[in-house]
Amino acid sequence: MTSSVIIEQLKRERILDLLKEGKRLDGRGLYDQRTLTIETGIIPKADGSARARLGDTEIVTGVKIQPDKPFPDLGDKGILICTAEILPLADPGAEPGPPNEEVIELARVVDRGIRETEMVDLKQLVLKKDKSVIGIFIDSSVINTDGNLFDTCSYASVAALLSCTVPKYEIKEDVPALVEGQRSKPPIKTIPVSVTMARIGEHIVVDPTADEEACMNARITITTNSEGNICAIQKGGNDGFAVEQLFKCAEIAISVGTKIRKRLEQLM
Amino acid sequence: MNENGIRCDGRKIDQLRNISLKVGVLKNADGSAYIEFGKNKILAGIFGPRDVHPKHMADSDKGILRCRYHMSPFSVTERKNPAPSRREIEISKVIKEALQPAVILKDFPRTVVDVFIEVLQADGGSRCAALDAASIALADAGIPMRDMVSACAAGKVADQIVLDVNDEEDKEGQADMPVAYMPNLGKVTLMQLDGILTPSEYKKCLETAIGGCKQVYEIQRKALMEKYFENGSQ
Amino acid sequence: MTSSVIIEQLKRERILDLLKEGKRLDGRGLYDQRTLTIETGIIPKADGSARARLGDTEIVTGVKIQPDKPFPDLGDKGILICTAEILPLADPGAEPGPPNEEVIELARVVDRGIRETEMVDLKQLVLKKDKSVIGIFIDSSVINTDGNLFDTCSYASVAALLSCTVPKYEIKEDVPALVEGQRSKPPIKTIPVSVTMARIGEHIVVDPTADEEACMNARITITTNSEGNICAIQKGGNDGFAVEQLFKCAEIAISVGTKIRKRLEQLM
Amino acid sequence: MNENGIRCDGRKIDQLRNISLKVGVLKNADGSAYIEFGKNKILAGIFGPRDVHPKHMADSDKGILRCRYHMSPFSVTERKNPAPSRREIEISKVIKEALQPAVILKDFPRTVVDVFIEVLQADGGSRCAALDAASIALADAGIPMRDMVSACAAGKVADQIVLDVNDEEDKEGQADMPVAYMPNLGKVTLMQLDGILTPSEYKKCLETAIGGCKQVYEIQRKALMEKYFENGSQ
Amino acid sequence: MTSSVIIEQLKRERILDLLKEGKRLDGRGLYDQRTLTIETGIIPKADGSARARLGDTEIVTGVKIQPDKPFPDLGDKGILICTAEILPLADPGAEPGPPNEEVIELARVVDRGIRETEMVDLKQLVLKKDKSVIGIFIDSSVINTDGNLFDTCSYASVAALLSCTVPKYEIKEDVPALVEGQRSKPPIKTIPVSVTMARIGEHIVVDPTADEEACMNARITITTNSEGNICAIQKGGNDGFAVEQLFKCAEIAISVGTKIRKRLEQLM
Amino acid sequence: MNENGIRCDGRKIDQLRNISLKVGVLKNADGSAYIEFGKNKILAGIFGPRDVHPKHMADSDKGILRCRYHMSPFSVTERKNPAPSRREIEISKVIKEALQPAVILKDFPRTVVDVFIEVLQADGGSRCAALDAASIALADAGIPMRDMVSACAAGKVADQIVLDVNDEEDKEGQADMPVAYMPNLGKVTLMQLDGILTPSEYKKCLETAIGGCKQVYEIQRKALMEKYFENGSQ
């Protein structure tokens, strides 16, 4: 135990020393993401699916689409729900059981990124107003953790959604009935891209690893839409940001987001 | 909003709702505060530093901070299930992280400071109002602090950046950005955004929110002064 | 810890010594309640609300009224449900989470006081027999504890109910629909008043404080209706009562209850 | 009730339902009893004094008593969800408090005595019947006791105070008052009331219930004697 | 504690020593069951009920029959659900609360024995296809444990089912309505009999006691139907079986099962 | 099945579905494997031997084995609730008992080896495929083992005993028998049966399943060899 604490401490000092020279432990520039790979269609039984790897962080997302009752007072919109689970095989510290506050935050931040950008036109998913709508369930399973679950989970979820097809349902005798063999693309309006940054000392780094997260002061996730506007933000971590840092973070999020969006657009 | 920039509740675009803040309202808690912020009615109570249960959560190097943000079943239009929702769990976390930079717990190893927040009636901006009450409740409890935490939201309504979005504006609003700020240290300790802002609107929105936080800070100071100096021991 | 145990012990001895002279720690007579204050309408978003303070015990109750399905076999009656939570800010010993047996008992005793007196004529709350009825949810949040939660919670609940207004619903296409702007008073038949007494040694005291509860032998809560009849009883605590004590307690409950009822009647 | 004061099940107003009580029916429990009280069929099993889990519940000064009152899913007309209802949790608490004055646990610090009650079939007065079984199961387990606890309800049916209300009477009944009584010490350890009684009816009802408790006590004594003296070691 | 561990150890050695001579601690032959007693109709408020005792293991089962919605995709079949609880009064190690993995396994193995043999013709329990069916709930409460809960629970459940009567329901205005006084026997097609065996060393013993289970290597439960075919198997325990042992177990299960089935047939 | 004994997916009656097995696929786990078995896609990850939490579960004489078999919400046709079902809890138990005879934990008192299985996509025979992956993930984690555990089901479809029933066959199938086998020690460590078999069919089915296990064993060996010898350190 003691030796691992010492190693952690040394690693932290090394990270800080390197940052003073504008460098990172894995050789990246401060605003560089790790290598991102995205595969879609990996779960044929799902209506859409994707595996995203950002460095060693790996997440599988499946999309299930089925008729549901609308939320009260939202009878003119379909349903979209994001969930997440850090599988216990993904991390020695993860525990089986109901989601803790970190996993709930993860799912809700990914959800808001998709919802607030209005990526999916939920008004097109109504079967019968106030009675029956299409529900889109976007469930993410974290397979391996190495920092920045937010972006990895967001990319996997967006990719699964972009690559999904929607089965056709019709109302028959007041009940939604599947129309076989008539699948269509979902009504996509924009592509949200989440970019997470950490403040370590007074440095801002993009896409922190687990080691970097362990020594960061604070974290921010900024999601932009295809127009380059800012649509969702979540600050985290046990310290704050100066206002100028937050202005800078927004610029970085827009610039990094543009590159990622091009990757995601190819999946449509 | 009408042509003179007057909002649905009669406020100007950079005007806060009415805020009433009272310190030391709970007998049993080590520190407490009650805030009315627009139609928000929120209690905050502090216990600690005290022993941690369960013990494995304790930190042998410093005290830990815990936070529960909870809404009473009658606090919203449709009756709320009393069990904590995912929304309440997330807000509890961001409030804790917004208060953490302000409290100094290194001298209280193996203890916990518990921040309990109860929303008796909810309006727009309840997490900011909750933070404002929690922050002075911590001071009331005598917890050593680096700075106050003052919180306020700004947003976009009818294409304008406005301070302190209320519930009615939020429903048709285009964006809502809650912000918490340490006014002396100049640090943003909570920031969230729901809605769409251009890069320049983003800057304006954040600056507007911080302006609101500074106004809130004066109200917090006054409430503390009232308890500790005007009615108080000195 | 030790010193606080000693103080507790001394306080207990002092309470017992005083009782021998017919006195209480806070100067009250044995059958006197602490000062009761009741405010209504404090939560405008609720259909009814009240804050009750009995000494330093303080409870906020909100009433929410909305259509619901009737209970099976009770299709000709509306629904009325009381819940309670001791907020963790109310008491250093309270813990967040699902209600423990004490809180469940509190809610059920308050519920029975209202239900068994037939305070609300539930038969007038039926929208469509067996299908749709009005549900009245009476939720109490304990804000500060100093003994006798039963009576404080009962007064707050009854006051919230007396001061509430019921929105009008009509059945349209088999579904209850709100009729805007037509609120009415609830169908109140009687006013229940709960009076809680503790036995300490062989003394009966009304409205025990937390200090008195800590050294009481047993507890009894007796609820009476506007006719002065007895409608609900709950004995608690780890010892018993002699029969004569129970007769005496009923007399006290009726006499104290009459005074409180006059306070509550003014809220209608 | 007919004109001769004969009730729907043929009883007089001060007559108990048939009671059959057997001690020591469970092999693994430290003490046990089975009662049929009208149509109630109830098992009680005792374990202890034994170590407490979780340990933080232990009392270093004396043994603690715990109680679980539980109904089998098939015990009532409509199938009951096996998870404990709020009603079962409340009844568990009042039964524990009714037994507590009778047991002497000061010589067993850091231990627990567990009282487990299972209602296999429920009729009116199940909490009283459960208490009657639990009390002699405690004796069967050799737990030191100050007194037996004997329980029985009285109530108001068709404007008359009657002993031991059954399910059918309870449905149309005007009041039901379950009472537990320590017959030698003369103390009421459980009393509840649902329904409406005038002050004089209240007195009569309580006296009637205690009269029933005294009858139950004789049945409890006989059951213990049967096990320990007639079939037993002496 | 130590002395009880020593006793356990001695008991285990004694069991193994006896088995070498083909004997068991309680005098039984290796393939003999303990005395089985079955009483039915013990819970008159249930639609069917039974108490089964196998040695000192004792289980009470009640059957409740009521209308329900069919499972999705199984709209042409009634519902049958087995549950089990080891009551905390049954065993010093049992704990109140949600069922643990052993109790879940117990309920599911009993359930499969009844379901896979098609004991009840679920197709005869449909009130309105896809909308409303008869549900049969078979709930078992373990009263005392002394090994082999599987068989005891299976016999109690089968006996309760054989002795139950099914109330008649008719669809009226789309809702199932009870037709008073018209109860019938359930549609029974075959009688499943579960036989559980333990492997201790290289010996197979039928109907293990708790002491035998404490030193067994592995366990197997084989359920046969009235035709003598094998319909459900569950292997348990922390070791395995040789293939020849599994062949032998099947023979034993068929032969022992035939005797038990005769007992159960008398309950119809 | 057609007249030539060719099954709906083109296989012969004694033919396995396609199996692809990869060892060491997870960075953080101490051992891991990924299997595609027909349409099953399953991950297994091992942690341990490591400290046990909660501590009262620890065994002072030997290490313990724990197992969680879990299905992702998107793994089946109808979205699955993420909370563990009774079926998943039972399968977790039988998988643990199937692996237990193979692992040697006596040298690791007070520790636990955790086997975590995630079914990303489910097809017939998912518990067998999960076992096949878990078994080599244990080997990958360096846990001392007496033998591999190889698993495969056999069943009865269209009145014939066939190896390795897939989902489509299972739906109209007459029997399904999952079996796990230690190929060198010759022991069956998991066996279940759903469906109806005559005594002779039972024997044939078990033998067929074991034949399948032996084929699976070769695939497991090859996968381990690939990691440890062909791409590996030697």
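Structural remarks
Per-chain numbering from 1; labels A, B, C, D, E and F assigned in written order.
Going forward, contacts are C-beta pairs under 8 Å (C-beta built on N, C-alpha and C of every residue); 3 or more make two chains touch, one makes a residue touch a chain.
What you are looking at is a predicted structure, and each value in this text was computed from that prediction instead of being measured.
The chains that touch subunit A as well as subunit F do not exist here; no chain meets both. The fewest steps needed to get from subunit B to subunit F, moving only between touching chains, is 2. In this assembly, F is the chain whose CA centroid lies farthest from the centroid of subunit C. Centroids built from CA atoms put subunit C at 32 Å from subunit B.
Computed from the mean C-alpha positions, the centre of subunit C lies at a distance of 58 Å from the centre of subunit F.
Centroids built from CA atoms put subunit F at 52 Å from subunit D.
Separating the centre of subunit C from that of subunit D, both taken as means of CA atoms, is a distance of 27 Å. Contact of a single residue of subunit E with at least two other chains is seen at no position. Of all residues in subunit D, those touching 2 or more other chains are 78, listed in ascending order.
Viewed as a contact network, the protein chains form a single closed ring in which every chain touches exactly two others.
Traversing the ring of chains that begins at subunit C and proceeds first to subunit D, the chains occur in the order C, D, E, F, A, B.
In the complex of the two chains, the subunit F residues touching subunit E come out as 78, 86-87, 89-90, 92-94, 97, 100-101, 177, 182, 185-199, 202-203, 206-207, 210.
Residues of subunit A that touch subunit F in their complex: 42-46, 49, 56, 60-64, 66, 83, 85, 87-92, 96, 98, 137, 139, 141, 143-146. Subunit D contributes residues 26-29, 32, 39, 41, 43-45, 47, 50, 68, 70, 72-79, 82-84, 114, 116-118, 120-122 to its touches with subunit E in the complex. Of all residues in subunit E, only 72, 101-102, 104-105, 107-108, 112, 116-117, 220, 225, 228-243, 246-247, 250-251, 254 touch subunit F in the complex they form.
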